[in-house]
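Each of the two complexes below includes chain A, the first together with chain B, the second together with chain C.
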Partner chain A sequence: MIEYDVIVIGAGVAGFTAGADLAGKGYKVAVVTTGEPTVCLSTGCIDLCAGPSAREGLEALPDEHPLRRLSLADMEAALNGFKKTMDDLALTYTGGLDVNRKVLSALGSFKTTCLVPDTMAASPQTNDEAIHIVTFEGLKDFYPAYILSRFPQASFSVYDAGASTTMGIASRFEQGLFREAFVAWLEGQRIRENKIGIPAVLGLEDTQGVLREIEYHLERPVFEVPTLPPSMPGRRLFNALKAHFRNQGGDIYWSWPVAGVEKTGHLVEAVFTPTDGKPNSLNARAFILASGSFVGGGLTATRETIVENIFHLPVFVPSARAGWFEDNYFSANHAISRAGVLADSSFRPEGAGFENVFVCGGILAHAQILKFGCGNGLSLTTGYAAAKACAEYLS
Partner chain B sequence: MIKTDVIIIGGGATGCGIARDLALRGIPHCLIEKGDYAAGATGACHGLLHSGGRYVVSDPVAAKECYDENLILRRIGEKCVERTGGLFVRLPGDSKRYRERFLRSCDDVGIPVEVISASRALDLAPNLNPEIEEAVRVPDCSIDPFRLCMLNMKTSEIKGGLSFIRHRVIEIVKSRGRCIGVKAQSAVTGEIQEISGNILVNATGAWADIVARMAGSEVPMTLSKGSLVITNHRLTDMVINRLRPSSDGDIIVPNEAVCLAGTTSLPVEDPDHIRIEPAEADVIVTEAGKMIPHFNQTRIIRAFSGVRPLLKSQKLDSREITRGFQIIDHGNGLYSIVGGKLTTYRLMAEKMVDTIMEAFNLKRECETAEKPLDGQEELSGYPLSKRLADMNNILCECELVTRADVERVIRQTATRHVGDISHRTRLGMGPCQGGYCTFRALGVMQDQRLLSPEESMQALREFLQRRFRGIRQTLWGDQLRSEQLVEYIYLGILAMEREKPT
Partner chain C sequence: MNFEHCMRCTICVENCPVFRVNPAFPGPKQAGPDAQRFRSKREKAVDEWVLLCSQCKRCEMSCPSGVEPAQIILEAQQRFGAEHPHTPAHLLFANNYYLSALGSLTAPVANRVAATATGRKIFNAFGIATSIPFPPFRFRKLSREKKTRSRSGRKVAFFYGCFINFYRPDIGRKIIRLLQYFGIDVVLPPQWCCGLPALGNGNLSLARSFALKNAASLSNYVDAGYDILYSCTSCGLCLLHDYQRILDVPQAKKIAERTFDLHEYLLRLINDGDIEPAFTEVRRALAYHIPCHLRALKIGYPAVKLLERIPGLSCAVLDDSCCGLSGSYGFKKSNEATAMELGRRAVYRISKTGAEAIVADCGSCRMQLGALSELEAFDPVEILCESLNICAPKTG
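Let's look at the complex of A and B:
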């Protein structure tokens, strides 16, 4: 039987943020996960709240929104802590609460976000910027025409990288010889535009180095354009969060689906897994649920209702199934996006009666991440807040 | 101006069957279809080649026609018919008297059936509900309706017949009270084709009355909506029917990697505006689950509806209305052919063309029952090895459709519709329902300069909205999970505008 102070369920932005904070404070922490989290699918940007600035957007959020449980000071602390950590790991992020940034998408539209990775910092902010798009022969998840249609002053060129997936091309960018050949070709394109956009394939390890190398030779800013998953920027963020958690002394149990819970009164004592060959039971003084929403696997919809899969917490179910979706697909306002676990001000699940369980991230009710544009930022800040509440409880 | 002898309006099984029959009898013709082939009820059904068992008690004449046509189609259309065989299963509580009538009627009509024990039935179809009392084995088959239409049109093409898909008839041209031609407008370019002919055939199914009215005639019909669901797995290798009078959700048909289950039967007014409610999908899943319990756990990838064009009847329950067909001579050069079903499409075409030959005072016997469908040698089934050889260039991971497949269809059809590519390759028909590959297919069309980027954005919006209409009734479990990801990709990662850009 292994004893921990805290078990975190979920290896996404929320889980690793909470886990690393607690481990950094000296607690013995483990993250258990079924596999790779949804952050690997994301653009790697930290969306916190749509609007001209996250600060303004946050003020306009409805009272029931989980981000209303956090003070601005906590939010600021969470974002600054994240930026510092990522900078140390050579995955620099820029931005803050005072102004939202735009990131050009593979459809030529703009995504609004709070913190952007260095590789997207030069993304154009308006459609009249003169940009040159580079794409790769046979790449199936990027078509420059989508972008060209919206940028009157744009042109494109095509490079044959000998691979047709983002992952395949990213691995080529890890090789010095490939980069040299690519840069030499790019120099030969006689690009007139003053910025160069490339689909997000600039390697997985030293991406900032790759970016600087291209910028150095082309003498102008280069930016990555995020596209369909699997996402390289999402995976870089995941790798960095994982590395940081490990650096803080945290343990990770992969392929460890929680199948059962042992509890006494108001306390959860342990979680179980049926996995063979690994400890099948982990004890802890506190538990943080960061298992995500439907995509992450934290919530499951049945034909009749919606359930939380680990602790069987009460779930806010917005309506009967017929009302989960609106007719307009593009409304970003489907009732189902409100489903989740209700949390109180200390990020304990409401109505469950557990003293030592905290909840954070996409599983929180009323998050509506598409409507409010609060994806990874919701996970980051509520992960920070849940860790803080958990630390208070433990001390 | 195009001149021909017969203008066929409608590219469903009936229209395509008429084109083939005319081609084999040497009659020049031109087919006009407002969508793609099989876009109406033909493509929106179970894809069941009836043994006749379903109708044998209520309509023995129709049942006999079904059985005869079943034998013909499995002979002439090997590559679009799968000889699955079928079972009628009797669940506890299902009427024994109906079973007796069923067996007696099959005997009268001449449909070969065999009563088998529950355990024998479970050997044949292991996913069946183990509680069944017994089963009756029938010669049902599954049929690919889209492929069927394409193969019929192949003969027409070989013999010089013309066809225009994505063309809507906007006017029936008349002279001295007679229909002498049509004007058809391309949905893609807006261009108008003027076609003149001596006879017009209205084979537009649920749209028959709308078309007839353009010629000042009418076709009294009752429209009945039938909804179906598609599973992500092939839960049975045999057609499974419920041994009881026709009711909701009592037929399950395997088709390639999936199963189709249905239907419902609800009266509708307008064939262009049909809608499925989540409750309807629930009824089908629940009923199908009584025959194959796994239905209650399996992933349902979409629901869809077809509109049955049934001859007008005073009877209120549309299931009781005859599924037989009728040819209406409007006396002005226009003929309408209505009713019938997919299984009897060839017979309907034969009778229609017999009528046309008589009007032209020509004599040549129908050969459609003897000659195998043309173009079958080109159908390769599902060559997994070939698809995997080009693994790096697969655009649709669910159905293993390669970039080369998509480019070939674009080349052959110059299509601008993702749906046309889906019909011909199965792109977007798997569990993610086009979530990933539509972005790619439209991107390839842009590369081929077939679509402007603005058009492809519009096409993407329309596709996603239409796709959503088909899947929202069955969103729970893994299917909901997968759908949330697709929504996140388009609205989150790709930041598609919520409202149409102005």
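Let's look at the complex of A and C:
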């Protein structure tokens, strides 16, 4: 029988943040996960709350929003801890609560975010900036024409990288000879604009180094434009979170879907996974549920209702099924985005009666991530807070 | 899980080592769930590129929806193999067990021939790559070891696998000594190749005949109260997973319930308080390359937990890279470039840790990484034995 102090279910931003915090405090922590998380599909930016600044946005949030459970001091501590950790892992983030920054998207529109990865720090802030977009022969889902249609002073050029997927091109950017050839070609384009935008394919390992190398030769700022999945910046963030968790001494169990739970009274004792042979279970004193929302696998919608898949916690269901969606597909107000697990101020699930279960991340009810622009940031800060509550419980 | 659960998030593609370096392979999403929609039993298989998959299972480990692309591809590989003539390299590697038995019997001659330029030419003519040296055969196979007895009543049957038997019987002997040290009875049951090389080379019927023979033998030992131990993670995955899922072995479930990874077994005994090893200091800085199939076993990394108990040892755990060799995969000329590029990347990551030596459970990972990095590559058992001062007896 394997014993841990804490088992975290889910390997996303919330799970790894909570896990690494607890492991750093000396607890024996394991993360179990079905597969890789939705952060791999994200832009790698940390959105906390839409608005001119996250601070102002947070004040305007409705009372039931999970971010309301956190004090500003905790939020600041979570963000600063994250920035410090990522900086040590050569994945620098800039920004903070006081100002939201804009990041140019592949559609030519802007997204607002709280913390920006270094490779997007030079992203233009207004449409009248003169930018040059580089794209790659055959790269699907990235069309410079979208950006050009919104930027009057923009032009583009196309490079043949010999690969047509983001992963394939990123892999080539890790080779010195490829980078030299690319830079030489780019210099030959005689670009007049002040900034150069490249889809986010500048390698996986030492992206900042690659970016600096191009900036050095072209003598102007270069920025990455986030792409549709597969998203390299999302994967870089995932890799860094994983490395940090492991550096703190945590264990990871891949492909370990939780299929059953053992409990006595108000305590969860163990979780199980199905195997080909003998039963596989892990015991712990406390559990953190960070299994995400529908896409992440934490919630499942049935014909009648919405269920939480691991502990069968009570789920806040916004209305009868007919009212889950609005007619406008692109609306940010679909009622279903409110669905999730209600948490109290100590991040324990409400109405479940478990003493040693904590919940954080996208599974939280009323998050409305699209409406309030809190993707990744909600997970980061609630992960921090759940770890804090869990540590209090354990001691 | 059904291929229709795939939501096309492409996370598996990002995790596919072959896709990263070989543009000819369309990746696990296209080769697995996507192509599955178009595969019909009434038409001959035309998807030759499924043979480019190395079956590392990383796609399955990463899928958030529980789809098993590698399993879908493995089935497609078997179908392609059944409907098309096999290349000499595929045939030879599928029959690796018999080939190695012959090589071991004639070890002094076979090793000398394999090391010469002519030997390499012969290999190449059969489509076998020679970028890294083929491991030398050992004359005294492990299967010739006698069974051992103790009084503790804990008894195990050791499934050693071809690599230990034909190439590194010394590691096998160390494993036996290690188990004896803890007072465990060890027997070496009659056994054949686990069948994975045959599966990997699209030879389902051969794999099944190996599997049935092994299962008949191992199930007798399970009935007699033995636990089955394996040390090769790929053999283990085949015994636990493929015997049930694709080879349709009747006793598979029964065997799987009593089969353990060697380190997993020892760790369980330690956690249950049954044994308490007195590890002594080992001054080494190691990089632990996690074999893909150890990940796929879903048992965590038990050898890491054991090594952590050794004073003086530093061990960096690396589980993001595939060594590229994947058993016989990288030894085929058609996959040589892929395997070498992946090996180079894995070695680069190892070199960044500043480790003086490599440790890995899998013999083929060690072969590849050892040859490309010129560092020593150990089985975790060798380090455990070093710490416990256990030496394998010299043999003639």
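Criterion: the second predicted complex is superposed on the first by the 391 of 395 C-alpha atoms of A that agree within 3 Å, B and C clash if a C-alpha of one lies under 4 Å from a C-alpha of the other, contacts with A are read in each partner's own complex, and residues count from 1 in each chain.
Just so we're on the same page, a residue touches a chain if its C-beta (ideal position, glycine included) is under 8 Å from a C-beta of that chain, and two chains touch if they have at least 3 such contacts.
Since the model is a prediction, treat every value here as computed from it, not as a measurement.
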(message) Based on the shared chain A superposition, would you classify chain B and chain C as clashing or fitting together?
(response) fit
(request) Check the residue A:Leu41 against both partner chains and state whether it touches chain B (first), chain C (second), both, or neither. (result) both
(message) For A:Arg246, using the defined touch cut-off, is the partner it touches chain B, chain C, both, or neither? Pick first, second, both or neither.
(response) second
(message) With chain A as the corner point, what is the angle to chain B and chain C based on their C-alpha centres after superposing, as a multiple of 10 degrees?
(response) 90
(request) Give one of first, second, both or neither to describe whether A:Ala77 is in contact with chain B, with chain C, with both, or with none. (result) neither
(request) Would you check which partner chain A:Ala181 touches, where first means chain B only, second means chain C only, and both and neither mean what they say? (result) neither
(request) Could you look at A:Pro229 and tell me whether it touches chain B, chain C, both or neither (first, second, both, neither)? (result) both
(message) Contacts for A:Leu267 in the overlay, against chain B (first) and chain C (second): which applies, first, second, both or neither?
(response) neither
(request) Return first, second, both or neither, reflecting whether A:Ala130 touches chain B, chain C, both chains, or no partner chain. (result) neither
(request) Please indicate which partner A:Leu107 is in contact with in the superposed arrangement: first for chain B, second for chain C, both, or neither. (result) first
(request) Identify the partner contact of A:Phe325: answer first if only chain B is touched, second if only chain C is, both if each is, neither if none is. (result) first
(request) Once the two complexes are aligned on their shared chain, state how close chain B comes to chain C by Cα atoms, in whole Å. (result) 6
(request) Enumerate the residues of chain A that count as touching chain B in its complex and touching chain C in the other. (result) 41, 163, 165, 168, 229, 295, 297
(request) Give every residue of chain B touching chain A within the complex, in rising order. (result) 277-279, 282, 285, 392-395, 403, 436, 439-440, 442-444, 446-447, 452-454, 456-457, 460-461, 464-465, 468-469, 472, 475-477, 480-481, 484-485, 487-489, 491-499
(request) Sort out for me which residues of chain A touch chain C in the complex. (result) 1-3, 30, 34-38, 40-41, 162-163, 165, 167-168, 171, 229-230, 235, 239, 246, 251-257, 273, 275-278, 280, 295-297
(message) Looking at the complex, which residues from chain C come into contact with chain A?
(response) 7, 9-11, 13-15, 19-21, 23, 60-66, 240-241, 244-245, 253, 255-260, 268, 271-272, 295-296, 298-301, 317, 319-320
(request) State the interface residues of chain A toward chain B in the complex, per the touch definition above. (result) 41-43, 47, 105-112, 138, 140-143, 145-146, 148-150, 163-165, 168, 226-229, 231, 293-295, 297, 300-303, 321-322, 324-325, 327-332, 334, 336, 369-370, 375
